[in-house]
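Residue numbering begins at 1 within each chain, and the chains themselves are lettered A, B, C and D in the order written.
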């Protein structure tokens, strides 16, 4: 049953060195504040999982929190590359970063398998591409009825999944709407979960297109207004496109990045 | 792209003798009027598919439309048995009825596979039960990563799926809400589909919990107010529990049933 | 007098008592649904009810007639699709208790709701079939079963295993890799049975007040074993009866 | 004069023209999204746009910056989960056209968005990766690709096959059992290429007005074949340019 905690407490209790951690979000509702709290608390050796690692993953990687990234598309959406990610892959800076690379369809199905308590998922995917040669977690499987060859991918079951949502009630039931991506699956696939929300309300009135995560599948809820900035939260604030552009300059340069990182950590000190 | 047709025309054009036909609905929004139109038009040799065949399936079976039933729970919900179904299975009346029997989890996953363009689905199911010994479409499958044994079931891809929904717009986009069961999957899995609706409106205003089927995955929409009676349509009418009870008396007796059937057909003559 | 009660009322109340507050329960229709709704009203306000129609956290104000009543959707925390309720909610073992009925039950807690008679293709009675039960029985943390006791219903060996209980005895579930504990409690109109810790055979552990041991033995189609410390179920309280009767009236 | 236009404008307009009214199109971000939105405004009001963020039938009033803009969800016929968009909508082959960009493209229409350089583990340039493209390229009825032409982008053989086009030539897709036709059109700032019907090698079939053949040949990293009946793309109409410029401004 979900506990209402501060973000600091939630990350402190639920995210440990060496954990496999998914901070999910598909352009919308990215749990940026939670990612930066992980940096502040200095976690190390994380296996980070996300379909679309963007600037908060660039920050986590640049800060040396991660030793591995499992992903399907790593970029600064609408801007370009993730320079800290590139620097880690190409020059082991600040620490080496192992990668496990999939397609979106594969990653989405890995979360579905995880949420479903199955060890693997089946899809029509990766055929003819060079990905299976590089990624051990893509294997063939044969249909027991038709003999047809398909592709299997193993379940993803993060130690902890973190997502951001618009609202929770005081019991910890969570409501999100708009583009909700793979967040339900990522939370249900995880052993533990943290949801940061724009606000905690007395009652979650029903809304079109809303996804509800009952309190009994969430470990902790933390009220963090603006916790998805510079991404957006439908009904609350718009995407700050200039912040994504500005990140390109910061992320491009180790010194600039280090300055940014010290400031981030300084915020707490 | 969905055509707006009369129910008579839609069934006439899209449901053929020998077809595999799914009329789906989970207590709510049962496409009863469409099932009775199939009886009126005298279809024969149908393979009927449904998770929860209830009284409209009893009627189709008693009328001799079906040669096979694929299902997971056949009963008159809240009342008892389906006597026409029993009579067909136990005494071949009016024609023999072959059965292919699954669990709900299996059937639901068969539709999911069908909707997903996959030949099969994987689940943790049927273990230890006597169902696999009777049902050829339940087979073991091994996880290519863990070696674990699981169960595979083949995709269901009906020739035509029929569902009932609350609304469609004039372009044929369909909206349903409340308990929507496996209807989206059943429509997406089918080669053709008919949706009967309570009303056709100018615009589908967004509603909490609504499922939308875009017009381009529906073959025909027919406006049939009350088309789910005696089941219910949330926002339109309640379930007529007495009609389900009354069916017990009619369905129990071949003569009573035949009288009922003649009346149904007479309605059209 | 208000503490007069029927055997059916005793059964529903005893079944309801087994559900603790804060648990999650996958609810079969009929007797299980009555017991689960009674529990939520009487002593377990935070019991989460899950129905296979896709209703998570339903809080019906009156007893639903089917697993798909509109009231279940209207009062639910979330309504999800039927594939989702089985795949994301039941299958991973998130749900504490599966609460099931049965047409036939055998001494190892195996359930038959498929056919009566030994020939599947030429049955004496064709029953409705499996529904959600096989996977509920497999995947929930534990399984409670509620049904009226009679020698026709309580048989040595079921004609057809629709839902696996303890198979042919202790250890069979583990051999098959079934995650849940399987049936841990059977509630009838006469008393309670639980699997023997050594053999998994259903054993009478409690009689309802006023029921003779002999009645329970005669209403069982196998030689019923009786626990050494056979107890008597506490009689329904006035509050339990009041809540049950209000629920049935509403 | 209003019929002056840039090479990029010509590219977007030529790409948009390829999308017919009533089609469904799985839209990649960037140039494909611009072309698809232009088509919907200019000549194909019933073009259904599908974005991998789960937006089915999006009708954005301005150009989305990412595949997950709020505008896409607000204007969509339905917003579904990301697993659903890939499993229920893309995978079964319901979608007519997949519209993709590329970092590198080879003469058989194979796409690379993973790494530049021959060593995956020590790349010259690490690109963003696959995203939805491998399955879009596999499952859509056909694939259109739009990107600016240069010898670095148009290579004899891609360093990494992220998304399969025609492999090593005609018949490779059939051998692998890929359902869609694969790339049928490449639109660049210089002209159009289509796979040769015999060999599946990308062949120049149209030059944009004012572009010399030599420019196109020099901007291609393989020995570019030219169709016997090489045509000239019709110049953008005033209406096309007006709509495109409004779209970019909005």
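Basically, a contact is a pair of C-beta atoms (placed from the backbone, for glycine too) under 8 Å apart; a residue touches a chain by one contact, two chains touch by 3 or more.
Please read all numbers here as calculations on a predicted model, not as lab measurements.
Note on interfaces B-C and A-C: more C-beta pairs are in contact across B-C.
Ranked by separation of Cα centres from chain C, the top chain is D. Centre to centre, using the average C-alpha position, chain C and chain D are separated by 57 Å.
Separating the centre of chain B from that of chain C, both taken as means of CA atoms, is a distance of 28 Å. One simple way to say how far apart two chains are is to compare their mean CA positions; for chain A and chain B this gives 39 Å. Annotation for chain B: residues 117-118, 123-124, 148, 184-185, 209 touch two or more other chains.
Contact of a single residue of chain D with at least two other chains is seen at positions 87, 91, 139. Pairs of chains meeting the touch criterion: A-B, A-C, A-D, B-C, B-D. Taken together, the chain D residues at the contact with chain B in this complex read 22, 24, 48, 56-57, 77-78, 87-88, 91-94, 139. By the touch rule above, chain B contacts chain D in their complex via residues 1, 115-118, 173, 184-185, 188, 211-212, 214, 216-217.
Taken together, the chain C residues at the contact with chain B in this complex read 29, 52-55, 65-70, 72-74, 79, 81-83, 86-87, 90-91, 114, 120, 122-123, 125-135, 138-139, 160-164, 167, 172-173, 176-179. Listed in rising order, the residues of chain B touching chain C in the complex are 26-28, 51-52, 71-75, 77-78, 81-82, 85-86, 89-90, 101-105, 108-109, 111-112, 123-131, 134, 148-149, 178-182, 184-185, 209, 232, 234, 238-239, 241. In the complex of the two chains, the chain B residues touching chain A come out as 117-124, 137, 139-141, 143-146, 148, 150, 152, 154, 206-210.
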